[in-house]
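Please find the structures below.
Next come two complexes, and both contain chain A; in the first it sits with chain B, in the second with chain C.
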Partner chain A sequence: MKALADSKANKYFLAAVLLIAVLIPQVITSPSIMQILILTLFYAYLTSSWNLVGGFAGVLPLGHSAFIGIGAYTSTILYLHYGLSPWFGMLAGGVLAAVIGVIIGIPTLKLRGAYFALATMAFGEGLRVLVENVDTIGPLKVNGPRGLLINLTGNSFIDYQFTSKASYYYIILALLLIILLITWLLMRSKIGYYLSAGGEDPEAAAALGINVPRYKVMAMAISCFFTALAGTFYAQMFLYFYPKSILGLDMSFEIAFIALIGGRGTILGPVLGALLLRPLNEFTRIYLGGILPGMHLVIFGLILILVMIFQPRGIQEPLTRLYRRILYRIKGS
Partner chain B sequence: MSGTALLYTDWLDEMEIIFESLLNGLLMGSIYGLTAVGLTLIFGVLKVINFAHGSILMVGMYAAYWCITLTGMNPYLAIPIVVPLMFYFGYFMQQFVIEPVFKVEKDVREPITVIIVTTGVWYILDNLALMIFGAKYRVVHTSVTGKLFELPGDIYLLQPKVYGFILTFISGLLLFWFLKTTLMGKAIRATSLDRDAASLMGVNQYKIYRTAFGIGTAVTGLAGCVLVPFYSVYPSVGIIFDIRAFIIVVLGGLGSIPGAILGGIIVGIIESVGAMYMPSTWTELVIYGLFLLLLFIKPTGLFGSKHDF
Partner chain C sequence: MALLKVENVFKRFGGLVAVNDVSLTVEENQIIGIIGPNGAGKTTLFNCIAGAFPPSEGKIVFEGSEIGGKKPHQICTLGLSRTFQVVKPFASKTVLYNVTVGAFAKTNRRVEAEAKAIKVLEFLQMDDKRDVFAKNLTLPERKRLELARALATEPTMLLLDEVMAGLRFSEIEVMIELLKKIRAAGVTLVIVEHIMQAIMALSDHIYVLNFGGLIAQGSPAEIAQNQEVIKAYLGDDYVTVED
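What follows is the complex of A and B.
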């Protein structure tokens, strides 16, 4: 009975959050604040995609920026050379990323976690070095370290270009809701249970006849697919990108660590992590970066260590507790 | 007649160049190996990839740099100062930063949270160095910097690299002897094989972790001392060696010390010989490709034990 009331309250709460999220662009007009909000949601989306494999499969992927890059380059090259709509390119990039994720996952997800972490990291760095050193692949222009520029067409849905920030905001919000829905469905599906069984105790799960690596590879494929979609989004929003901006270690690590601080393996943990850490990161960089370069990363490192020592399951745990307590207060009165 | 003679001398010249770059690759590779020994040792015992490894190397390099610059001493005299300092640096880092997390997750054989804590340490150390010392590239001029050994056949070798090569092998042998014969060494090996069984035999596993971590950072400090006479020091210098060390360690087999040195030499030779045929960024790519290929085909590496993967 109590659980039922709780779930009802949860529904109201979620509906309220969603309503606020939808209404924000109508209230806020400042483009710079909108930009920060879009990037925050962008990161929330990335960490949630990462969470599918990093959270549920119990491994540590450290090369997810590679898949962002695959998405961005695929859709942009298809658009620039063949005039294909980036919406189509987005899906093509997603499929390509999923295939590559499976190729990397099949041999390495059978091994201990350290190997998978190092393999994904080496793949991410290797791809960055490759792209930086290649000007053309066959007839296709990659432009090496200079990156790719998408020509401005103005407001055009088919070209995935919009003059208002709000459009991008709604696109990334929709993507985020989709990934959260998929996470939710996955958690309640057979795959989700198999994965969590494999994460808890791989030997016991294998003894019960669960082919744990196979489900990990599946999770990897889904995660890579959605990560690549974010790459296209990034390319279309900025209309310019270069290898260092989307490929490489920094991005991969940031995604992984925001998800981990938020709470991996939960639906809302990575989102909470992004909502709290991204703005914090922006502001410390803006206000401290000038005086003390690197201070914002010292703070980030400290948060990382403190959260891991005191809240190894991430900050979603105390926040959920707080939410419950407030809920009880309201009901009690 | 003279044409063939010319061709022959051409061929001889080319052989000499190849031989020289092979030797240089061997020397530099052994130093890469030395930078990776600490990482492999720590992994072998704690089963944790230490992402702060490159930063520890950076700390060692700065320590050696300041020792040499402030006193003007022979660069290799800094070793007896830097290495013990680095031992305690690692010992206390394990005790106060990593151990608390380790204890929370002690039932997990390969705790991810510990990896994350080491990354936090990486961010903090690198950026503290940036705040304190600035982004400047620092070069130290010592009595061996830029000096060459001349071998017959016009082959030149950089002196600090030769000394680094010698020190790598001395320290590798010492470490091997320590792990094989001393009681502490045996306890470390026992813990790395089976920490629960070792605990039951009366080994204090946390003390072993601290000691192993200390030895790992001490060896890395030594690598820093070896690098400083010919390599510039800057806050993010660790990252370059970090990724390379990860690759080397997997190549040699996670946890194997001879494997790390041999893996380092392989990477060094690929870099130096490859650099004759392609731009250096491409050799980097070859190494990444080789690494991924190895993971797919033989993840135990050259000397890795079966139960560690």
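What follows is the complex of A and C.
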């Protein structure tokens, strides 16, 4: 990872990838392919946010959809009721998610292994059931299982609505770059070192002066904040959402799948995982969805099993090795 | 003033008294040895001092302030660091990373922490291993890494729990020299050890535990002659009757 920013060749490679990413919407005109690309970046972003806790703090959160939902509902309710711009709502949702993440994290982050995973899963599911059964909270309309519909305003930046897919593409690309930069900075800072140490051996970490629970809660707050931003993005892109679509276990699991297959606790893992799994998900749904619904989950499961057997640290490891080897060849010649 | 004072400490687990009314004093820049047969309560006493769990009764005073019942990370920040009998390296990380984690105790900047870690590694003559992953180290190297990590927190006092167990004779010699160097650098050491060769060569003062209680204390020469100690280790038959 360290080499990523150090050597000149890496910088060129990074710049090239970035350039391609920026130019893609200028070349691709098919809205359905753009949609697949946006969702790929969306999941890469979500998984990168999740990675701050799930990757570095050494626990497996399986209820992150709750924070996506908190983001989507907060910004949308603020917009529908008070006419506040979803851009503001996005930040408000992030802050609310961070606060709730801390409240959930303080008791649960003391749990180890499967117990933490189960606790977060219960929270995620609990929140979905709660929202599905509530029509109004005070004066605010939540609409229970019917969800919320955002009225179409056409192209309007302040309303976070755009007629072109490219705009959404650039927003999520920017968000992804921000979270990757934050991850990179964190990994090289005291917080990152302390998180990894606490995740790997909490007892040894404590003996070295690390307040392990405090750092985990801190990571949880940052992770939840960024996860919630994705919720608002989702709401503004589809302009309609309901509890099952964003609060369900499906999204939580898919994030964990992507992280495990891509490589937990690395910068590139979530991105590579999303690049592999999202298009696969879409195509299996398009081509097999009619005949064998749910087939994409079977394929996910199979890939996960294979990766766990042959590359337990995710596909990022062989891919970085391959990249290094190619680089070496080019330099050698 | 004594650097560490343990006063009448008890630790009970249900009906079992693991540490029974132990008192000891550690002066600045001493090397104190704690010995005793297996199950004597040495590690439990260490755990009480280092904060892994609170003592059931009694006072533990470090640099004039009570630390009994404080959390391990707070105690480390006060300048009292420890190693574990069963080594606990951050296995998937490099040696340098491991030691840098320790060095962050005194700084927030990575560059400073890394420089400090490299210094500690040089001091312990293992800087050639800095890029090796901890999981690939041999046992003696892991023990030394444990020591390096604890030293990187810049402690005034180090509690060493069997850093020599499992080492070969020549490796023990090396470790003894290292510990002497650490003391010369101004760190006070409390060591729990089974290797008599080491404890006798290093300690200024030795405390002997058996069944949770103190049965003897004194200089290495005194302890070697002590009838109670011989009885505890070898049995009644070996006690020389001096009437």
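Remarks
The rule is short, and it goes like this: the second predicted complex is superposed on the first by the 327 of 333 C-alpha atoms of A that agree within 3 Å, B and C clash if a C-alpha of one lies under 4 Å from a C-alpha of the other, contacts with A are read in each partner's own complex, and residues count from 1 in each chain.
Rule of thumb we're sticking to: contacts are C-beta pairs under 8 Å (C-beta built on N, C-alpha and C of every residue); 3 or more make two chains touch, one makes a residue touch a chain.
Note that the coordinates shown come from a computational prediction; the quantities given were computed from them, not determined experimentally.
Once the two complexes are overlaid on the shared chain, A:P31 sits clear of chain B and of chain C alike. In the superposition on chain A, the chain among chain B and chain C reaching more residues of chain A is B. Of the two partner chains placed by the overlay, only chain B lies in contact with A:L292; chain C stays clear of it. Once the two complexes are laid over each other on the shared chain, residue contacts for A:L302 go to chain B alone; chain C is not touched.
Look at A:P145: by the touch rule set out above, it reaches neither chain B nor chain C. Of the two partner chains placed by the overlay, only chain C lies in contact with A:N211; chain B stays clear of it.
Look at A:R188: by the touch rule set out above, it reaches chain C but stays clear of chain B.
Against chain B, the residues of chain A that register as touching in their complex are 58, 60, 104, 107-108, 111-115, 117-119, 121-123, 125-126, 129-130, 132-133, 249, 253, 257, 260, 292-295, 297-298, 300-305, 308-309, 312. Considering their complex, residues 50, 52, 71-73, 76-77, 81-84, 88-93, 97, 100-102, 104-105, 108-110, 113, 149-150, 153 of chain C touch chain A. Of all the residues in chain A, the ones that touch chain C in their complex are 188-190, 193-194, 196-197, 200-201, 203-212. Partner chain A is touched in their complex by these residues of chain B: 43, 47, 49, 97, 100-101, 104-105, 110, 112-113, 115-117, 119-124, 126-128, 130-131, 135, 235, 239, 243, 246-247, 250, 254, 279, 281-282, 284-285, 288-289, 291-292, 295-296, 299, 308-309.
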